[in-house]
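Letters A, B, C and D mark the chains as written, and numbering starts fresh at 1 in each.
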């Protein structure tokens, strides 16, 4: 696996098939509360991660069903607050992060909501070319806000 | 990860802390049906895996909270039938598989049920020293039985 | 969503009841089922989401497509019986103002 | 099980209501709570599992310990209101014959 288990307590490698999205959702759903998120915050993070993984499968891997998505999860508990960090690593070596763009929401059209949802839900959204240059790394963070409980 | 994602569709590495048992249970719970198990069969496999991981944490790692458990899951669909295979790999290099023993159930005492439950639930239970000799590998298989639906 | 949606004829159109989580694993099939009904140009299409605990943007995209097809033909589309999490995504996507959303199938039939 | 069990005094003993999944993440704490009550040597201890959706053998071990302590002192222990999955583990562990299991707290109080 990519990270030290002492930091990223749960790491998963899932094949690039949409039938396993619900497995990823169930993991985030159970871990959210352990990281101090409220149940609404957890629901939102579940959606954000679902959107991000769907994008990797659709746009990154172009629906090829034999690729891998790595998901690494760590609880955050530091000066910034309490929350969750989720890192998605793919192996889409031919994708440039400039291709990953929020769309303008003023016009109604099917699709184009995923990135928008990511940014609305998460406190931190960062795309990087992976250090080893073999794909894209998406880092997501969400902190618990007191008033939302 | 240990296996090819094309065979083992979902692989997880979880830190050796009992607070994450529920994460592992939720994964098995969602995957069971996808592998063709009935919901009762899935419930049973959830219990069996929980018992096996608990044993690794308690007996293998002696409750050290900074070790790793690897869980690899594949759907089975072959001449033996339809079902699920789950492989647990630990890094307990000092455990010999002979130490892992079912207890006699005729006497009532607290504890000693885990291995018994594993064998009652699963169709295949196999402990091996890991090929790299760094720990124990437990291979579990459960097939769907028509009449149990 | 592992089952096909349940299609029921209405005097002036069609009621489509979906069951199960709607995500990218089922939206291609769902889009197909809904297009088939759209092609019949129903005066009213009601999409009943009462048995949908979860939907992501790939599901929303299918609904937006249906809304556009119906609106273009000056026909009606309503969605009804949204569970909380599904309401959440409509709000996050700011589509709660774009769709006609009702609390019951009956209200959607009358509107 | 993230909350401590709810302890209620009975005329002839104690009712312990547990809530949440019982697994190895909480059995040490649960064992502590139950031992505290066992130490008071209640004539009757009832363990109410109606809000326990799941239990594994580490939970069963805590109950077996309690049963042994009560039986040794010729005092009663009953468990009640088992959900299906919890019933399952009692059966798999073949303990459904060893424990006195009731469908309601009231039945457990009278027995």
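Miscellaneous remarks
Here, contacts are C-beta pairs under 8 Å (C-beta built on N, C-alpha and C of every residue); 3 or more make two chains touch, one makes a residue touch a chain.
All figures in this text were calculated on a predicted structure; none of them were measured in a lab.
Within the contact network of the assembly, the step distance from chain B to chain C comes to 2. Among the other chains, the CA centroid farthest from that of chain B is the one of C. Between the CA-based centres of chain A and chain D the separation comes to 41 Å, rounded to the whole angstrom.
In this assembly, the C-alpha centroid of chain B lies 27 Å from the C-alpha centroid of chain D.
Across the assembly, chain A contributes residues 17, 19, 22 that each touch 2 or more other chains. Against chain C, in their complex, chain A makes its touches with residues 17-19, 21-22, 25, 40, 43-44, 47, 50-51, 54, 57-58, 105, 108-111, 113-114, 116-117, 120-121.
Within the complex formed with chain B, the residues of chain A that make contact are 1, 5-6, 9-15, 17, 19-20, 22-23, 26-27, 29-31, 34, 66-68.
The touching residues of chain D, counted against chain B in their complex, run 21, 23-25, 54, 56-58, 60-62, 64-65, 67-68, 85, 88-89, 92-94, 98.
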